Amino acid sequence: MAEATLTSNRLKGLGGTLAKQGILIAFIVFMIGFALFSEKFLTSGNVMTVIRQAAIVGVMAIGVTVVVIGGNLDLSVGSMLSFSTVLVVDLHDKIGPGEAIAVMLVATLVLGALNGFLIGYLRLNSLIVTLGMLSAIQGLTLIYTGGQNVDISHQDTTWFAVFGRGQVFGLPVPILIFAVVAVIVHVVLAYTPYGRRVYAVGGNPMAAVFSGIRRNRVVACSYLISAFCTGIAAVILGSRVMGSQNNVGQGYELLVLAAVILGGTSLLGGSGSVLKTVIGVLILGFIQNGLLLLGYAYYVQWLVTWVVIILAVWLDVAAKRGRLFSPIA
Amino acid sequence: MTKMIQKSVAAGVVASGLALAGGAQAETMTIGITQNNVGVDSYQTTYEKAFIEAASKNPDVKTIVLDAGGDVARQIAQMQDLIQQQVDAIIIWPTNGKAVVPAVRKANQAHIPVIVTNSNIAKEGQEFIASFSGPNNITQGAYSAEMMCDALDNKGQIVQITGQPGYTTAIERQKGFEDRLAEVCPDVKIIESQPGDWNREKSQRVMEAFLTKYDDIDGVYAGDDNMGVGALNAAKAAGRKDIIFIGATNFSVGYEAMARGEYYGSIYQSPVDDAKNALQTAIDVIKGKDVPKMNYFDTPKITQKNMDQFSKPVF
Amino acid sequence: MSIMNKSSAARLWRQVVRHPIWFFVLVIFIFFSLATDHFFAFHNFQNILVQTSTIGLIALGMTLVMINGNIDLSVGATLALAASLAVDIQGWPVFESWGDWAMLPAVIAALASGIMLGALNGIIVWKTGVNAFIVTLGAMLGVRGLVFIYTQEQSFYAMNFAYSDFGSSAVGPLPTLAVIFLVFTVITHFLLARTVHGRNTYAVGGNRDAAVNAGIRVGPHMVVNFMIVGFFAALAGVTLSTQMGASTPNLGRDYELWTITAVVLGGTKLTGGAGNIIGTLGGVLAIGILRNGMNLMQVPAFYVLVILGTILIAVLFLDKQVNRKEDGELRV
Amino acid sequence: MNAFDTALRVQGIVKTFPAVRALDDVSFDVRPGEVHALLGENGAGKSTLMKVLAGMHRPDQGRIFISEEPAILHSPLEAKRLGVVLIHQELSLAEQMSVAENIFLGELPRKNFGMVDWKKLYADAEAILQRLNCDFGPQTRVEDLSIAKKQMVEIARALTVEAKAVIFDEPTASLTDQEKEVLFDVIRDLQAQGVGIVYISHRMEEIFRISNRISVLRDGTYRGTLETVDTNEDEVTRLMIGRSLDTSRGGKVVSTGPVVLKVENLSCGDLFENVSFSVQAGEVLGFYGLVGAGRTAIAEALFGLRRLSQGKVVLNGQEITITSPRHAVEQGLALVPESRKEQGLVLGMSCRDNMTLPQIGNLTTGPFVSNGGEIAIFDRYRDLLSIKTPGWRQLVGNLSGGNQQKIVIGKWLAMRPKVLIVDEPTRGIDVGSKAEIHNLLRELAADGYAVIVISSEMPEILSVSDRIIAMYRGEITREFTADEVTEDNLVQAISGLS
């Protein structure tokens, strides 16, 4: 520990500041770079489009941030998104939009509760449990629809359209939802007893229990939050597309995780924040959009993401460590 | 075990039946099918349903229905499992036109006839299959190109949203479309192509980027209606009303959009026909009938003008 | 002589008891033998071995990396890159006059690509100190990007049937691919259990500080293990492409997840320091037998997903119950 | 023997970390066959010096001599090969591996193809274990060993080479008295073989028992070397902390307060059986016994961390069943656990956040944590316990051991518990802070708290307790009042001899 005390001051000055704000700087560099090469990039229309597109990943990533700060992983959010979107779209015509959203949220929370029970109460490894749930929920979705696409028939008349397509005060509703969810979860994490407990459980689960914190419940709740956010993302997605395929959320779990990591939330738990995740989400979104505008094939963005993730996390780790390179021999 | 006995008893009965009646058709045929990725879209799901339904109507046919989940390796494993079970014929909906060739060849070597359905395998594998049954995706692409030329009066710039990269159907439709477009109306230019992975939301996102990037888009060709409707969603949201949308594999959402006048046209391709065609081809092959090597079923153009001749797709 | 046999049989039994996954393998083996006609057949066992060999080979390397306390999520993409290289290079005009020998440089290039990507991952993990999960998650995306750039989204096809004939050839009663898998299983088992490098693998994963203090060069050691898993991923790419005589850019998606699942089912701890190849073999076979058996039983694909997911969680739960120490465990 | 002949000698060592000068011109030597104790408060530079000696850090300036041969040490392994071995305080063993593999970690004997020469490995390990009188074999898995035996494995590592100097860093921290004796035998044995021993410990009585010379570090500087026979604890302490220490305590009063906690026939698996005791307000009840005698398990059971197989717990006259730590906290119990870093603190959180953690649910205005309320609590207990920290934002991981321990104690005092259980109150804490914490525990009792102290250190338990309960193998063997207890009868009681 003494070691950490000594070295934490090491990367002081400009280098340290740069390293600590690495992700923000990367963000700015990217924005400037893209803006120089594509005049369309920084138009308000494009910026709105990118954030609107990023809202779905963003809302989910905010939920997953809570799970990760609590020291766990959630890989099931991708297929949960498929499940929830299919459910809300399918029920929309059958029981009406409001009811559909309510039923979908309850069903999604049940899945989240199952995750929470297995990981929080039974103490099973979160990576493997959510991997299993990834597969199982995808299967459930397919069984529910029998593999058929689901669609909303009267797209132009339903008020359900507002979530994905509407505008309030000139701002697209998905962006507003994204912002509201970010603010709420940020407040929960930073200013409520529950938030404090999440950090404690993620930072040192044993010490948290020895302080009388009900770790089981804290962890289980983090999965409920994650599921709830996924449910909200499903509303945006369903409303935006007005239909859903059974695999619509496939691969989202990794995008979401990449965004959380990019933001600098540690996979070890106990540190991180919603605001960082929001930046991570936006970076991914703007990289994707910028490269597309520059005319690069879509797969180039994967290569860029690789480099960005490693550089961003490296800088973050280096700032905490106080040295650029790891001291391991 | 009991099933095995039944089968051999049945075989014995058949043998004696043959001797007596000289050709009664009482033998049960076992047909295995390995599909690409059921559940990824309604077409494949409806296909599977139609296939099972058609098979259940025929008392002589017993089916083993498998799904590769889009994974080539798993499809090869399923081919092996089907060969292992010594089915009478295998129908394969290739996850990849090239990669399944050796597996098809293996079945061929085990004297099990293989019928390729929906999306053809590479030419190197043609000698090992009994027949291909399905739509002609190159022609479909060409049809879409012709519609595009008509709709745009042979002039304009368009974008293309293709299916999942690496998948035969996507590649063939793209090729058919691009080649034909260059022939019929060289003044219609494809300014950019991006994959939409058969996914409506992905396609919507791609289209949103296109709309930002290009102030002037006259038309969109999408590898299927699912993606086409995604692109339409994006255009509507951006308030761009003057764009022509042409897809393929007419989905019910596409059909409805056409009815509303928002969507220009598509290719009418019925999964039910597709499935029935494949099953019948397999049965014919087992019975030793002569079947054409390329057993295409008809996939006509459907546009706002002629759509009342077609019933709304069920998927 | 018989005494020797007895004691080695007893040893074998002890090994089985120490790996609960083998009970599970036994249970599903018996279940499928009774439940479906085609399961219990030598030819089917050959199939299972070939089908599991792909995940199995990767799992061998993954076991080392995970005992080290690391993880590699990029194996699926590495597999695709190696497969593409192996299939594409043998068709290069340069090697036209080489005949069947053109496969040699192709396979070597493929394996080298895997080893190099492994080394890259390892060096990044070593030098930056960034968690291997993050490093390889990035690589999983990035290497897939490389595959698409290299292949330009195209599938490749091996013009020479000798390549795919190799994939379906047999050594005596066993398919060649199964033999390759089994031979490497034995080699890796010995590497891990008997060699200095193998033992150091446990030391580095079990207590990294201790390993550092004992003078084990932890960084290079981990790099070697990443190179080994890269090699195995590439080898799996080659063997898989011989089964297809082709490669596709989407090959190997999700394989990292199934590989990790198999390794964890086999008893390797995600925290490192514990695990072994016998367990991993059990984990790989468990998944292979389940898939094969459900195919043969014609379980609908949708239900297969649910069943696999549920079984994965159930096995994890049972493993935890079995391995829980009776008392002495704090209720934290 | 020439007096200037040294086994290990360093001269003018300077080691700077960017913000701190950790060692400033330190010279130090150990002669063959002597035990040279190294003393200093936490942060005085002991561990840095030790790491320099063992090749883990390279000094910025200064020279190292091994048997008067200049040496440059690049790695612990190199140091070891040259005959300088460090035995770590915190166990650094790979649990899943065998004893033999751990002893020879990093230098497993090889055959061809990088294969391990198991025969040689086991034979060599066996020889070393016999030298240490160990009763376990080289093939035993380390995870199956007790802590003390693990410590012996750690020591066994030092014997794999012809050691010239062996550095022991707090070797007795987790050993029982019996095991301590075995260790001292080993040290004497090494001495007899002409090995120089560097012995780092906070425990004065050990140092005065086994050392020949004592050197003291303070604030990274060398403060002098004393011949053990010529000095006393006071002098050493003065050198260490720059002042003398008041270790005396007020007269022991037999408490007359009401019984707060009463425990009857408590049993928990084979950890402890039929344990009955009670503790009154205003007294310190000490639990003394060997590691594994069941003391910690009782505390954990009372705190809801273990399932009781039978027994009755009465708190303030009411029988209660404790099902979880949360429940225990609600009932008014508090546990300062034995392992500060693992169980007591979230090292990545601030001082304030750690201190308010158990009551965070109550410190709210509306749904939000009340910032003012939190800081008020922190300020109050910081002052009360004289915690030295730059501010409440300081990460707790950056504090010294003593201040960390005070945070843990403060965290529970802030809950105003009925019973405060303190397990190993001063483990790994330097002498100065130790006395402070002892005084604090006494004061708490004087303020009316019922305090239970569990300790493995006899001086600690003797100085702090009003009554002492001795345990042996899960059972209470004897209860002493402060007047009855002597070192002898206490040792007998915890060894099952009485």
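To keep things simple, chains are lettered A, B, C and D as they appear, and every chain counts its residues starting from 1.
In this section, contacts are C-beta pairs under 8 Å (C-beta built on N, C-alpha and C of every residue); 3 or more make two chains touch, one makes a residue touch a chain.
Everything quoted here is computed from the prediction, not taken from an experiment.
Across the structure, the highest number of inter-chain C-beta contacts is found for A-C.
Between the Cα centres of chain B and chain D there is a gap of 72 Å. Centre-to-centre separation between chain B and chain C, using Cα means, comes to 34 Å. Between the CA-based centres of chain A and chain D the separation comes to 43 Å, rounded to the whole angstrom.
Multi-chain contact residues of chain B, defined as those touching 2 or more other chains: 38-39, 195. Residues of chain A in contact with at least two other chains: 142, 147, 206, 209-210, 297, 329. Shown for chain D are the residues that touch two or more other chains, namely 75, 305, 324. Applying the touch definition to all chain combinations yields A-B, A-C, A-D, B-C, C-D. Interface residues of chain B, counted against chain A in their complex, comprise 38-42, 44-46, 48-49, 192, 194-195, 198-201, 204-206, 208-209, 212-213, 226, 229-230, 233, 237, 251-253, 256, 315. For chain C in complex with chain D, the residues that touch the partner chain are 190, 194-197, 199-200, 202-203, 205-207, 209-216, 273-274, 326-328, 330-332. Residues 1, 3-4, 38-39, 64-67, 69-74, 76-78, 80-81, 84-85, 96-103, 105-106, 122, 124, 164-166, 195 of chain B are the ones that touch chain C when the two sit in their complex. Against chain B, in their complex, chain C makes its touches with residues 37-38, 41, 43-44, 47, 50-51, 54, 148, 153-157, 159, 161, 164, 167-168, 240, 243-251, 253-254, 291-292, 295-296, 298, 300-302. Contact residues of chain D toward chain A in the complex are 17-20, 22, 42-43, 47, 75, 303, 305, 324-326, 328-330, 335, 337, 341-349, 353, 357-358, 360-361, 363-364, 367-369, 397-398, 411.
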